[in-house]
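What follows is subunit A paired twice: with subunit B in the first complex and subunit C in the second.
For the complex of A and B:
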């Protein structure tokens, strides 16, 4: 296919980016501050706050890792359709330092003595094994111990930061250097394949560490894939939202068109189904075999306080978006698609909440202002780190050799 | 393109301007000729030799099945506790092989991968024949093949219904759905090409036969329009099937409580493994076929290289699943689970386990190097290694978990008999016989679709960049 004539100019929106990042910062400070204050007021040594904080942290982390995966997969496949939205994905992946900042408070529940006797730990209940599963959890000590856990946390963040920096730097270099031999693009392409291996392993183990080990007696080999499905959904939704927002503000009017929205919508449809497939595999196999060491996780989620939410999740996270996305019309109307993208983010958050919170409180659903506040705070922190990059950099990867193909792209 | 001195041409090609998917003479008629001539002319001598050998091996399959049916399943090495034995290993192996076709034709179509056109017809045919081989094994494994119709929920005088809660029954539905949709997809895609063969046919008989199956295709604009709509819809419907079939096959194992079988990653892991083995088989067959039938310009080095990349990627996914299973078997704290995995790697079947790991995880790593991805001998050998490795994977899963029962007094080593060997090798005879007949009489390459990949098919053809 011959590329259309491309006007290789940067798309700069520094004022807008500065404004958005300020909003993000305000949300972060207010949200996290309010969450903390509400948590402190509960008088439970901040236990509820930290569990809610972990949900917010996981929400942030799915944006970052989703962005990283999106960028890697575009390079490894040599995708053309996505060039004009890829910079948004790069901004999302390059929020690792902010994610690292958000990880620091998580050291507190690991190191404090509060909650150890009663719950086994303020957040992760394996810090000091207790209760009926104490022996089982104690057996996992070679993996689940505080120093190794912190070491792994630092390692994941460091690896992601290095990867994000590498791809961000090369992508910007391709814009500014105008290298006719496309050396930066070729370098990115070369590193993308091994990058995906590193991504898959770090994402899986980070999911085991941060989320699966909130129920340390429970295990599931598919858990990493489950979180991966959420990451991919999140980033496609986020690309839709940020593109629509930019266009509404008068940027990227030509660079992102119905064809690109259509493709982003298709990926959201596909990964809605993929998520359901993974969730079903995980649930059905555990339910069917009915082994006591595995069913605890679903038992607490399908009885008493969590029953309604568990069944509702099937509807909100699969049936509603699946039928919502089926129509071609929906995928090609940016505003409508953006509304669906917001919906996807909300139900994805519900999914994370449902994964984590029943382990803290099996008998009652503690949902309240504290979760809302910490999530807004976590999202604000992401938004701040995301938008801040737009102050200095073009929001379009205008030096990419495949930009012309991207603009000429048509669905069939 | 200006200064490209510091880059090899090949590197730049991959990014900006990959080599054309159709090589050789630059006109549309020659594509039709290349593909149709195979069906119209006498096949090369090698075809006859291969066909005779395959037919002989197929005869061996027939003989071993007859022997089995009149004697009983005792002729196999199956024992207690390894009641599944080779028949189920072979079943899962062949279903896996049957995955590449629909992936290439449906999933890659949705991903707009133009290179699928050179190999999709071929791979789809292979899929259908592999599923036929697969379907045979559970049927003969039941022992009393004359009552095999009991697996279907047909009302009968004994009020005997299959157990709908059993994944073995879900398998019957999953595999037969996959087979019917793949067959439909394959046949529908072939209609325009069958019409080409009909129109070119010189003999009355072939005109009549191709004519019947071409369904009166005239190539009218309206027909093409509908054809493309149906193709897109069938692709969208077939895509979930690519995932569902092997997921349901994995449920046969994973719903049980057996250590080594019951693990939640099994469905996507089986799907990745199936695509892995399916692509390996496509390479195994495509390499000789393109040479034998003169299809080198349609199934180019780029097609082969891309398939090798898919093999590398799916091999890594399989490696990921092996690693996760191993890690969680320890992390779970379940000593039976832990034993099952240590026993796999270091127990009496350790040799099979290490064959599996070497063939599936280690050997494909050579495809990281472009030089080897593009080397015909290397890819041919590796594709065979992968086929071997994937057969062993199913062997390891079935046999290592079963032969160590919960009670050590029930432990029993499994050894195959010569009938097991004859049946397995014989199934290759069935597969290759069908495949060679396909190569001889049907269009091996989707003529119309390949033409869309030529420069002529693009609106800006001839423009100066």
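For the complex of A and C:
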């Protein structure tokens, strides 16, 4: 069709946003509180709680970083299709401060001696190398030491916060200034390319630090890409869910249509395959070479307690979603796609759980209420930080020069 | 153009100037019930499919089925190659290992899906065709520039030259014209077809040459594509070389060279490190025999020995089979480990053979640790025992089938 006439009006939903953010806050307090109480009741010096907390933290982190990547990649490609959902991606990326708040308790396992003697630290075993490979882990001390680790943690969060702020500010400025030269958009486009590079490096190293170093004797250079696949999958699923929710509440009825859902669904399909591709690439080289220093990670996950779950992940995270929303008909039905998006978030969480927990407990799968509670808490915290921005800002980037193209967008 | 009624009619075209006009016209023609017609536009027009009532393509199903077929065939092919035709054990992994098959199965999936999409598009679009009769119409040339056309074919069951033309005029066409079937055929010319078939035939040639070479013998030396690699400039062991002043190809160890083994440890336990005590080979195992050691031996035997000696130790491993075919004149077959002389060998001598090699078999001391070599000896003993068993060896209570 011809370009749609855009009446550049903000889409404001402050009451709804305030309600949702309150729900998020309640979930955060209840979830993290219940997780902590359950963890304390286990009497294992909060060890189980901190591992479950790390899974929740990683879950939150993939939303934020997924949002950051989404915004960066739309600017670097000059994408038109995504303008009407981009503001929600910006909200997701702008949750860095809340992520920072959630990172603070992680200092406890780094700084305290409690529980170290028995397990080599509450969470990251390199804090006090122990056991069979202690001398090997100790050799990584120049990189894996507490001050440097905390320094890096602050650095990543600071860089992400600055990036998120830059893009959020310019995007809002584009709305209100109505600058006919589109200076804020041009500034964002200019920074997005180097931003992608910074994003790739910080995401990789943050994944190495926070997740991979839970098994410090193991290493895989593709690990960051694996987490990246989960981030991109998460943000597209989240944009589908938020859009369907907003539309159900009567907002953005015209601004997001089947074409946009179709595209979001395409990215979900593509990154389901990408995830499988990366997961298999990581597995196959290690399996084929069969080097003792590399196989430990998969050995504990493909034998005994974790075997079933590992095989199940192939089905739940690849085959089911791939065939589930391969068809364009599914992608173009918002409610059905939203159900798949929820499914994607759940199995993505399972994936994170599977990445982290066997390092704590190779012999048994400790799955219980404590993981569920902390994850709900982490998600609640994200939801609070995400929705709070809707109280003050339009949920549509109505000043974006490409909004008209976005609304006229059609898949063939 | 011409109204030469003797020529066969191909169809009628109607010209429009704007997107709105062509969309309205498409709806008119669709509602009139025509089935063999099309719209031609200089750029993609949003909503034209809907206006024309174009049915949804079935291409995705073709691609899906072809992709699944490709993936299945890819796995099947590798299963046949690895587990049936040439079951060569690689680093102790099972003959047929699914993880190793996935990259190839992935490629065949993509290959089949892509070819199916490509050629199904050809078929769906009636290709290959040299030209479309419409392209012989001068007015129609502007379909690639700034005009929009509806073309209704004469073969449409609803087609009636006057009624169809009238309908198109009333739909807002700026011009309506008949298009005749051209005199020439729309099949590609003979030269073109000839060229394509020649190329296809030529592409078969290498396959025929390969097939021929496989079933013929030749007394000419083989062609070396990379002579540097086939004939590396190296000095063979013990050979004369003028590279060095003393003419010796084999260089003596540099002053200060020492053996990798801890000579003190070897001296303290020669039975374990050499399989010998003094000049005679040991017959006892110089380490504790455990089920774990036996298992380790079985695994290592599978990795290092079975490729030549075979899983059963009878000297019929895949390497032996292939080498016997490829170079029957020079190949020394691996020993059948169940012949009496081998069974009678002292365990220490088996250990020594694994370590230092025997006849054509190279030594494995650099690849297999001392303990693993003993594990292999242990497993070889068990293998020999199993092949020389009698009915009395079967424990009570075990049923023979």
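By definition in this document, the second predicted complex is superposed on the first by the 410 of 412 C-alpha atoms of A that agree within 3 Å, B and C clash if a C-alpha of one lies under 4 Å from a C-alpha of the other, contacts with A are read in each partner's own complex, and residues count from 1 in each chain.
Note that in this section a residue touches a chain if its C-beta (ideal position, glycine included) is under 8 Å from a C-beta of that chain, and two chains touch if they have at least 3 such contacts.
Since we're looking at a predicted model, the values are computed, not measured.
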{"item": "Fit-or-clash call for subunit B and subunit C when the two complexes are aligned on subunit A", "value": "clash"}
{"item": "Which of subunit B and subunit C A:158 touches, first, second, both or neither", "value": "neither"}
{"item": "Which superposed partner A:204 touches (first subunit B, second subunit C, both, neither)", "value": "first"}
{"item": "Subunit B versus subunit C as contact partner of A:293, first or second or both or neither", "value": "first"}
{"item": "Partner chain in contact with A:101 - subunit B first, subunit C second, else both or neither", "value": "neither"}
{"item": "Which of subunit B and subunit C A:40 touches, first, second, both or neither", "value": "neither"}
{"item": "Which of subunit B and subunit C A:312 touches, first, second, both or neither", "value": "neither"}
{"item": "Touching partner for A:410 - first (subunit B), second (subunit C), both, neither", "value": "second"}
{"item": "Residues of subunit A touched, compared between subunit B and subunit C (which is higher)", "value": "B"}
{"item": "Set of subunit A residues, in rising order, touched by both subunit B and subunit C", "value": "1-2, 284, 288, 290, 412"}
{"item": "Contacting residues of subunit A [partner subunit C, same complex]", "value": "1-2, 280, 283-284, 287-288, 290, 326-328, 408, 410, 412"}
{"item": "Subunit A - residues contacting subunit B, complex", "value": "1-3, 78, 136, 139-140, 143, 180-183, 185-186, 189, 193, 197, 200-201, 204, 208, 217, 219-225, 266, 273, 277-278, 281-282, 284-286, 288-291, 293, 401-402, 412"}
{"item": "Of all residues in subunit C, those that touch subunit A in their complex", "value": "19, 44, 46-47, 49, 60, 64, 91, 99-100, 102-103"}
{"item": "Contact set on subunit B toward subunit A in their complex", "value": "1-7, 11-12, 14-16, 110, 112, 228, 232, 240, 243, 247, 251, 254-257, 262-268, 316, 320-321, 324-325, 328, 331-334, 368, 458, 460, 463, 465"}
